[in-house]
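Below, each structure is written out as structure tokens.
Look at the two complexes coming up: chain A is in both, with chain B in one and chain C in the other.
== the complex of A and B ==
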């Protein structure tokens, strides 16, 4: 009889230990998942910002999309200040650059950090499609 | 008492072992599940943004195709075009190259469709692109797959004067708009 009670007590203790270990593991799991989700959504904001920035109008003919797209055919330096000003509306004092993966088009060349990209159409003679990346510190 | 002392030590060892195993399992499952879930969510969100930009800028691809056709055929303005049907075929051919290039670099498929070019006064030109099919992007991975759709119907109007182009206005047509951003 005493032996059976011993077995029952041991079984009870082992069960409590197993449940405690699983609960601790699950609590820890939930905490980490929430942190990672927040981080990922911050990353994607750059792409959303870039997609809105491109359609910001300069005048009736040009928006930032067309300025970047036709930069070889226009005085691009004249428009760089405009693009920087409009980007700062979204980013504040945060450092940034807009690149085509090989050349920095606007902003601080040394900036490294979060990236968001889209594809833009370009004139036929300049390769038709180009990947444009917004990098923020 | 000695028996209970031994059992207590045994239980403590089991507890520590299970805790450690739980911790290891937590790391393994956490990394695997989180990566899988975020990869899917992130990919859908990212491609949806990219397709949105493609929808809004498809008119510019039509404009560049028109300009390239003018250059290739040696026209300086719209009034010089004698065979509009033949000219439109050239614009369609160049636009198809744009579609292929986009698919090549991004995986986004813009469907084939009809292009119409019109002008009331030979100065204000309008180009429209219509297709019964949708823009698609399909992803197939080992653990999940999805397809995102977009609206290809678009038009662009602009003023052409002495080889200069002004007042570009690109409009994403509302037809089929209800079908955009469907994720399956």
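== the complex of A and C ==
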């Protein structure tokens, strides 16, 4: 009987190790699936948000895209509040910042989190194209 | 002494070990089956995200001139023609009609209950917003599956008064889920049993895309644009 008990104990250990390995793999896969879907949503959300924001009309002649691309030649501070207000409608209570990767143009400079980006033309700048990044908490 | 000694203690140890092995296998199977459901759930969430991304480029609802369409900028005039806006939802019968009558916009998933909600965030007052609501046509290939009957059954079992229902719909949140939340769990079960084939399950998308939705711009005839959100709820029969 002790021989059978020994086999059962070895069997038990082997089973537990194999099952634990499979369960850990399944749980990591589940976590991976969940994270992937959330990332997919948040990436698309930020990307769309920035695109929509850029095409929001300030008046019949100007939209936010034009304001950002020509910001050196206009009184940009006057438009900052407008851009902030509209972004807040999209985002609710979430913190955000709009940057060109070197300086924060609008929003809270310390915000870190998900990013969405769009390249805009800069007609009065040497580089011509600039990457605008929206970061949301 | 040769052979196996069958003592009471040894028998109990053997039974104990066998029970543990059975339990471990049970635990494994339950995790394994849970993964099956999880994969289906997340594949539905991904479908919902893809559908919403497709919808914001759909020529039937977005702003377009000639061959050019503006992705993510919805035309309020087109939305009025296709969907019902919240000011038109004046009675519970109207709500039932919206949910029962499907709209064909050329993009759909089969055997699914697809509900679209578009909210103009700049018109919100006291947590009530102007918006549009509609159910998208979905071809049915499963025998005995009737979404119309299911929706009728669900709406019939809403226990609260009309005013509360409308308030729930126009609020920021998941409109249809909100309505469905007003239905008792046993009514849900009854409706699913009476209107769905017995071997099928109804799975609803429930993450961000069905509640928060994606950001869109809504273009009105007078040249103004408003900030809005488009959310998609998909119930899929599996």
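Rule of thumb we're sticking to: the second predicted complex is superposed on the first by the 100 of 137 C-alpha atoms of A that agree within 3 Å, B and C clash if a C-alpha of one lies under 4 Å from a C-alpha of the other, contacts with A are read in each partner's own complex, and residues count from 1 in each chain.
By definition in this document, a residue touches a chain if its C-beta (ideal position, glycine included) is under 8 Å from a C-beta of that chain, and two chains touch if they have at least 3 such contacts.
Here the structure is a predicted model, which is why all the values come from computation and not from measurement.
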For this session: Scan A:22 for contacts with chain B and chain C and give back first, second, both or neither.
Result: both
Problem set entry | Touching partner for A:129 - first (chain B), second (chain C), both, neither | first
Exercise. Which partner does A:81 reach: the first (chain B), the second (chain C), both, or neither?
Worked result: neither
For this session: Please indicate which partner A:108 is in contact with in the superposed arrangement: first for chain B, second for chain C, both, or neither.
Result: neither
For this session: Based on the superposed arrangement, let me know which partner A:48 touches: chain B (first), chain C (second), both, or neither?
Result: both
Exercise. When the two structures are overlaid on chain A, which partner does A:12 contact: first (chain B), second (chain C), both, or neither?
Worked result: second
For this session: Tell me which partner A:69 touches in the superposition: chain B (first), chain C (second), both or neither.
Result: first
For this session: Scan A:137 for contacts with chain B and chain C and give back first, second, both or neither.
Result: neither
Exercise. For chain A, which residues belong to both interfaces, chain B and chain C?
Worked result: 22, 26, 29, 33, 36-37, 40, 44, 48, 51, 55, 60
For this session: Report the residues of chain C in contact with chain A in the complex, numbered from low to high.
Result: 4-7, 10, 13-14, 17-18, 20-21, 24-25, 27-28, 31-32, 34-35, 38-39, 42, 45-46, 49, 53, 56, 70-73, 121-122, 207-209, 212, 214-217, 223-225, 227, 229
Seminar exercise, completed: The chain B residues in contact with chain A across the complex are 3, 7, 11, 14-15, 18-19, 21-23, 25-26, 29-30, 33-34, 38, 41-42, 45-46, 49-50, 52-54, 56-58, 60-61, 64-65, 67-68, 94, 97-98, 101-102, 104-106, 108, 165-168
Exercise. Once bound in the complex, which stretches of chain A touch chain C?
Worked result: 1-5, 8-9, 11-12, 15-16, 19, 22-23, 26-27, 29-30, 33-34, 36-38, 40-42, 44-45, 48-49, 51-52, 55-57, 60, 86, 89-90
Problem set entry | chain A to chain B touching residues, read off their complex | 6, 10, 13-14, 17-18, 20-22, 24-26, 28-29, 32-33, 36-37, 40, 43-44, 47-48, 51, 54-55, 60-61, 65-66, 69, 116-125, 127-129, 131
